[in-house]
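Chains: A, B, C, D, E and F, in written order; residue numbering restarts at 1 for each.
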Amino acid sequence: MEFTHFNDAGRAYMVEVGDKDDSKRTAVAKGRIEMGAETVEMIKEGMVKKGDVLSVSQIAGIMGAKKTSDLIPMCHNIPLTGVDISFNLKEDGLEIRAEVKTVGKTGVEMEALTAVSITALTVYDMCKSVDKAMVIEEIALLKKTGGKSGDFIRGEGDEKDS
Amino acid sequence: MEFTHFNDAGRAYMVEVGDKDDSKRTAVAKGRIEMGAETVEMIKEGMVKKGDVLSVSQIAGIMGAKKTSDLIPMCHNIPLTGVDISFNLKEDGLEIRAEVKTVGKTGVEMEALTAVSITALTVYDMCKSVDKAMVIEEIALLKKTGGKSGDFIRGEGDEKDS
Amino acid sequence: MEFTHFNDAGRAYMVEVGDKDDSKRTAVAKGRIEMGAETVEMIKEGMVKKGDVLSVSQIAGIMGAKKTSDLIPMCHNIPLTGVDISFNLKEDGLEIRAEVKTVGKTGVEMEALTAVSITALTVYDMCKSVDKAMVIEEIALLKKTGGKSGDFIRGEGDEKDS
Amino acid sequence: MEFTHFNDAGRAYMVEVGDKDDSKRTAVAKGRIEMGAETVEMIKEGMVKKGDVLSVSQIAGIMGAKKTSDLIPMCHNIPLTGVDISFNLKEDGLEIRAEVKTVGKTGVEMEALTAVSITALTVYDMCKSVDKAMVIEEIALLKKTGGKSGDFIRGEGDEKDS
Amino acid sequence: MEFTHFNDAGRAYMVEVGDKDDSKRTAVAKGRIEMGAETVEMIKEGMVKKGDVLSVSQIAGIMGAKKTSDLIPMCHNIPLTGVDISFNLKEDGLEIRAEVKTVGKTGVEMEALTAVSITALTVYDMCKSVDKAMVIEEIALLKKTGGKSGDFIRGEGDEKDS
Amino acid sequence: MEFTHFNDAGRAYMVEVGDKDDSKRTAVAKGRIEMGAETVEMIKEGMVKKGDVLSVSQIAGIMGAKKTSDLIPMCHNIPLTGVDISFNLKEDGLEIRAEVKTVGKTGVEMEALTAVSITALTVYDMCKSVDKAMVIEEIALLKKTGGKSGDFIRGEGDEKDS
């Protein structure tokens, strides 16, 4: 195995994918923000209001997915066919899950991971006036399908400290 | 305490900071990527080459810090006076630290956290051909100084599972 | 009928279009800026100079069309195959028309409407030193072709106050 | 009176404002979307759900305000100190109002008008599956304060067809 | 003398300028495109039309100046107070000159050089259907004033092959 | 021959390419920065360090290639399949070469030329603390293949002053 993002001269480059076929590709990523129980409660209360923390964060995550190739230097710019972000509010934090799809020549792992990261950062921003000690945890790829390199499904052994 | 990013109608807004004085502000954030020992080894080997994983990631992180207000919906767009990203390569992963400074009316916590996040995502992108099971962990604010709301220094009690 | 941009949890998402076929699609939108007769006259005089108001505005509109998916949260990022903006200078204002084309899985209504809007905003910016009371009016979709949802042609009944 | 955005050679340029003092500046703009009563009703029903049309649109408007200088060619890039967008849902449409503030050398009229425009375009995008005949109307500057050119308050005579 | 854009660890960083005073700063850069006499003639003829090559290029250059910190990794993002681009059409090519100003903590050399570069690239794009052999030449800093590092005026000895 | 970027009204537009077939396309561009021998030496010494001038510049060039349609007004936004930038350090300067590929309806000349330009500008930025008199020279298209307009290979006669 070797890093694919370096050319013969040893320099980073955007690897050529022009010979790959277009295929349907999906990637699912997750992440979590640990926060105080009081912060969780405030988010819950806000969900019955017009502009809640999670709405803002989820929109930021979707927009972030579309900016992935602008943020990650060696990432290909590709049209995404769909992005969906969902939440699971727990007692001590918030779980974030992003699913990204495309029909193209490269996978969308980075788009899913970026969507989760920007969503989490926005939750932090929206709640930081009450809780600066929040921690973003376990941003990881759960699943990747499509493309000739084979599917990836995160196994139990991959889970580290949850 | 309450969330400051919502207006009287209950909708999110970019809170007005025009009455605040310009002051020097600093924020330091950290994060970590857990990865296999083999991946760590490959990164180390690459560091003696021309375009190593960490160079690409650190540049992405600095550019990401400048894009923070474009990514986080309620974040103010402010001129940054400095951004510095450093690494600590461990046996089972990589620690990332970002320090951001400004002279302005709002803090730069989000810029420091965004710098760490984009750096970590880029490390993932550069290494994913050999290790898709990497996990981004513990993105957190370490320190914040400047502004009238007082300094924040992450205490021992704030550290959760490291 | 229902809004398509919300998922099962009731949250906004970028609707999946990966199963749609690529097809040629066109959208035409229009808009108008009401302005004083003197402002119209000044624009006309400028048209014989090197850098007239309409040139700047039309370029901004074309560039704006390319930024649509960056501006409209649930809009898909797609490669446009053509953008054309034209003007009709009347006694009391300026009519703007934008035509946008693509070969893809989603329509380009938003791109055409965004092109008109950014063009109009730039006209306002270029003329505001002489006329701050200008009003942007009647930004509307005129036509949409391609895709399986059927064509849309704006009918007489749709025209409201022109 | 003359257009200020052209240099001696008759070409557009970003006018030099370096000699102006920093001062507090405010701009308020408005706009309206005409839509069918059924569409209004659907928006209202959505407001009790998690991710309503207006939340998405208002966030897009705030982010759009921050992109103004990237969209309008001769606009200065300036740090905004606050952006607030509000809605008034009527029987036959939606009124949008945006207030933008800065402390700087140029006014924020374009930022307020851009915020209204992007908000309106996003409402159109979110509702277009049920109503393609919506029309964006009366985007106009209501008020502008700060700076040496004097305040602007939209008079009755300025109102055209509302 | 040493490169200032590297930190103690030998990695690139955005150098901290928070202790510098705000001061008025100007930078002037130039560049040239060599092209066939026929291409020059076609540009001249277009200048009497509505949307000439130079108008499009000059607008692109001004917008490019505002994107400098988004393009050049270690560049500070700063509000520009003015940008002006001028042309000198010669028998065998086009000379471009850009002047950029700010009031701030860092110079605007990169903004002026970027403005010239993007202007030149756009001229190439607009003319490439008739002349692909055009060459962009002599992009250089002519003058830099303001800041404590002293002014820079390009001397005769600096001119290389013009 | 005529300029293709103008519509019937004489205004610039993004030319419609929807009827063209998707095909593999390549473009190669080059450029050069003249600099003092001492600056060359400093770059060489930096190449053995972690974050050298060329790494930063090459990453900026790759990211710049992806931004081409955002910078050049009439350029189509297209997904790139690969970008590779290489260097040749000479006694009195640095040669830059960029190769860009796509599978699409338009060529990638502008992407290759933009990659070279942004790379060169970043080299200037990284070295300007020691050498402000550097000159960017000879940015030119070397080769273009794919598409129905035929291939372009830069001939000897096209080389002007190297």
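The working rule: a contact is a pair of C-beta atoms (placed from the backbone, for glycine too) under 8 Å apart; a residue touches a chain by one contact, two chains touch by 3 or more.
The structure displayed is predicted, hence computed values, not measured ones.
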Q) Relative to chain F, which chain has the most distant C-alpha mean position? A) D
Q) If you match contact pairs by residue number, which of C-E, E-F or B-D shares over half of them with B-E? A) B-D
Q: Give the label of the chain whose average Cα location is farthest from that of chain C.
A: B
Q.
Using mean CA coordinates as chain centres, what's the gap between chain C and chain F in Å?
A. 32
Q. In angstrom, rounded to a whole number, how far apart do the mean CA points of chain A and chain B lie?
A. 16
Q) Counting only residues that touch at least 2 other chains, which ones in chain A make the list? A) 9, 11-12, 50-51, 54-56, 58-60, 63, 67, 70, 73-74, 79
Q.
Per the touch rule above, enumerate the chain pairs that touch, sorted by label.
A. A-B, A-C, A-D, A-F, B-D, B-E, B-F, C-D, C-E, C-F, D-E, E-F
Q) Tell me, which parts of chain D touch chain A in their complex? A) 47, 50-52, 54-56, 58-60, 63
Q. Where on chain D is chain E touching in the complex?
A. 7, 9, 11-18, 69-70, 73-74, 76-79, 104-105
Q. Where on chain B does chain A make contact in their complex?
A. 1-6, 9-12, 31, 34, 42, 46, 49-51, 53, 55-56, 59-60, 63-64, 67, 70-75, 109-110, 113-114, 117-118, 120-122, 124-130, 132-141, 144, 152, 154, 158, 160-161
Q: Please give the residue numbers of chain A that touch chain C in the complex, ascending.
A: 24, 54-55, 58-59, 62-63, 65-67, 79-86, 101-103
